[in-house]
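Both of the next two complexes hold chain A, though its partner changes from chain B to chain C.
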Partner chain A sequence: MGSGRVSEKFISRSDKVAARMLGDEMMVMSVVDSTLFSLNETASLIWNAADGATPLSEIVEREIVAKFDVSAADAYRDALALAEELARHGILRIADRPRAAKR
Partner chain B sequence: MSSLVEEMNAKAIALGVPIAAHLDLTYRCNERCVHCYLDHDDRGEMNHGEIRRLLEQMADAGVFMLALSGGEPLLREDFFPIVRRARQLQFNVKVKTNATLIEKREAAALCELGVANVQVSVYSHRAEVHDAITRVPGSFRRTIDAIRRLAAQGLKVTIADVLMRQNRLDYPGVQALARELGASFAIDPTITPHLNGDRSLLELNIARADLQAVMRDETIGGVAPQSCPPPSRAGAAEAVEVPCSAGHSFCYVSPTGDVYPCVQFPLLSGNVRSQSFLDIWRNSPELKEVRSIRERDLRVCSRCVHASGCSRCPGLAFMEGDMRGPSSADCEKSYARTGIAGAGMPDAANSGTAA
Partner chain C sequence: MRVTVEAAIEIGGLPITVRCADCAFIGMLKERYANFLGAPARRGVTLEVSIAPPSIISAEEDLKVTYGSGRWMMRRGDFLAEWDPVTQQGCVRQSANPYAIDSVLRIIHSLVLARRAGLLLHSASAIRNGRAFLFSGVSGAGKTTIARLAPPDATLLTDEISYVRRVAGGFHAYGTPFAGELGVAGRNIAAPIAAIYFLAKGTDNRARPIPQSVAARSLLRNVLFFADDAALVEDVFRTACELVSSVPVYELTFRPDGEVWDLVA
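Right after this comes the complex of A and B.
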């Protein structure tokens, strides 16, 4: 993973969301259309690490592969699918280049 | 309400998390509405640093849905820095305002900050009626102009119409105005007593026949939810037993830092100037008492025919002297909706049911 990947992805949370942990889930609400999402434990880890500056592959390695019994390839595939789903709803952005992390 | 929202509320109650809160930033106001339950003196409202600390404590405690209100919240010079901090802390922020201070720059700022909803009070589609209620000439025009500015920014606006004797016939006009402005419309037929205990404001309540007309008007799709709507009765077992979310997953903080179960439930439960928000939330004897009440403990309401469908407000019941008792305003609403007198309405029962 990481340097061997042809096209690295960088994910960042939209400014137009609200989010809060509730138990072991992350509740995310779009302030644009009030759509509410519930992210499970692993999805929450990815959400929290989505700073726009860290490559998705590094996030997966650090937050998922290091903590759960899952292969890097499977974890990356699932993480990318999650990111694409959230991006379709406008609450996450996917880019090919890093951007400065928001304070 | 989506099922996921219902699940979130039920989970918050089960976990004891204050998922929603109402924070009045000030009681000062530039209007003097005839039905207002507040006085408008500054009795030592929290300064900016105190508000910031409170917001951080609320976020840590799990507050997700945050209503910022007043008084008129935009009278605070630090209103926008407060909203900015709230959004940095990832709250879903709703602002309740009369909008008279919202020019183009303020509307743009609310949009840029990601405010989810702006609720604006409009009492009539007729300027003279609205202005007579706010007791500020020209307020109708300023409010409507501001709603247009907010809508132009793409912000979601809800027009809230409190019904009273002065405007009881105007709600269809306000509803049409809301449609024209691209705003949602919510109606509230309940006038609440003044927080100082004065119940004379209740004389402004609309008559029973008018309430019946409102409650049965299908064009408005029901009345607006209270600040602390009851949780879903479907789903989690905890939600079935809890009469209202006040004190269970919702609370109110006043401009001076007093904590209450709800904005219309004046049971003082602590103050964030002397205790942390979470300490109050978890350990206040008053909140624990509120949480101990189950539907079976409601002496009158538990045997009422409307028990399963009533929006009984424990705060209004508390203001009538017994948080386990009926709330006469909600008895009236159940009666108006169904024509059947409930257990808390012996006068209606004696006079027969309504047509």
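Right after this comes the complex of A and C.
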């Protein structure tokens, strides 16, 4: 993982959402505008691991590549596209460096 | 000299005492909410209602529910209301129509329920064999039709707005006076919820279980919630998810005859 990428990405969930796993989907609601999102199994794995501290490449390796029959490059590309889409909706943040630990 | 009369309207175990100097207005409330009147309550919400001429209030204004300075402000074309959730005291200025106070009651119940793991749902509901069944859907989905088709052994809780609360042992549905096209108030009783049906009109009768995620989406589309408040939105979301996780949910396709109730048991 990681070859050819300019920089690492770190993703974290917005604190303006409520989320709950129902069946094999993660339901996420923006409490700002009540928009409801549903994430499938793989998207849910990425969502749950979005702690702001773990590099996205490491999340993809651990949660997707190790569990599904998919190449690391494809999985990373899909995960980044997902993160960017969720970030556009304001429910996920993408950063170039890890979030500072809370004191 | 001024005389104030009052009516205590108790829905879902929450009494709201309405006080007003207009005896005719209180008389109208007592008739409208006859099945839900209680003794004047020392607990619960108290609303002081003042009646204003219709010309003072703009009938064009849409509903707005906002929170500020420790009070909920509710405003629509036919009423202005404030309510303090800590002291439980509030006031309403409205024209002398029952729809304004009806809306204020719904809003306050929705705010109280959100904090108590409950919600108001656009649905008909009825009790059969000691268990409650909810029939939800948007306007035109068939809530009133299914209520009208109910067999004699079913007790109607509402044909329009169901009152859902989590109590010890699970979620219960309570009767409400909030009537839809049927124009009949529900019975003032409650029962544990056995199933929720999302209605779809069709040419035959069938009930199909739906996944929890689909059920949550459908449920949230039909929840009555008016306030622009992130914390309460989160509460409603969690309650909706808990409800569909603990109660079976179906899509109920039905044709307008009483046989559909054979599927409800």
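The rule is short, and it goes like this: the second predicted complex is superposed on the first by the 95 of 103 C-alpha atoms of A that agree within 3 Å, B and C clash if a C-alpha of one lies under 4 Å from a C-alpha of the other, contacts with A are read in each partner's own complex, and residues count from 1 in each chain.
Throughout what follows, a residue touches a chain if its C-beta (ideal position, glycine included) is under 8 Å from a C-beta of that chain, and two chains touch if they have at least 3 such contacts.
This structure is a prediction, so every number in the text was calculated from the model and none was measured.
Overlaying the two complexes via chain A brings chain B and chain C into a clash. By the touch criterion defined above, A:Val31 lies against chain B and chain C together after alignment on the C-alpha atoms of chain A.
In the superposed model, A:Ala18 lies in contact with both chain B and chain C.
Measured by the number of chain A residues touched, the leading partner among chain B and chain C is B. Chain A residues 16, 18, 20, 22-23, 25, 27, 29, 31, 34, 36, 38 lie at the interface with chain B in one structure and with chain C in the other.
Chain A makes touch with chain B in their complex at residues 15-23, 25, 27, 29, 31, 34, 36-38. Taken together, the chain C residues at the contact with chain A in this complex read 211-213, 215-217, 220, 230-231, 233-234, 237-238, 241, 244-245. On chain B, the positions that touch chain A within their shared complex are 2, 4-5, 7-8, 11-12, 15, 17, 19, 59, 62-65, 87, 90-93, 114-117, 156. Within the complex formed with chain C, the residues of chain A that make contact are 16, 18, 20, 22-23, 25, 27, 29, 31-32, 34, 36, 38.
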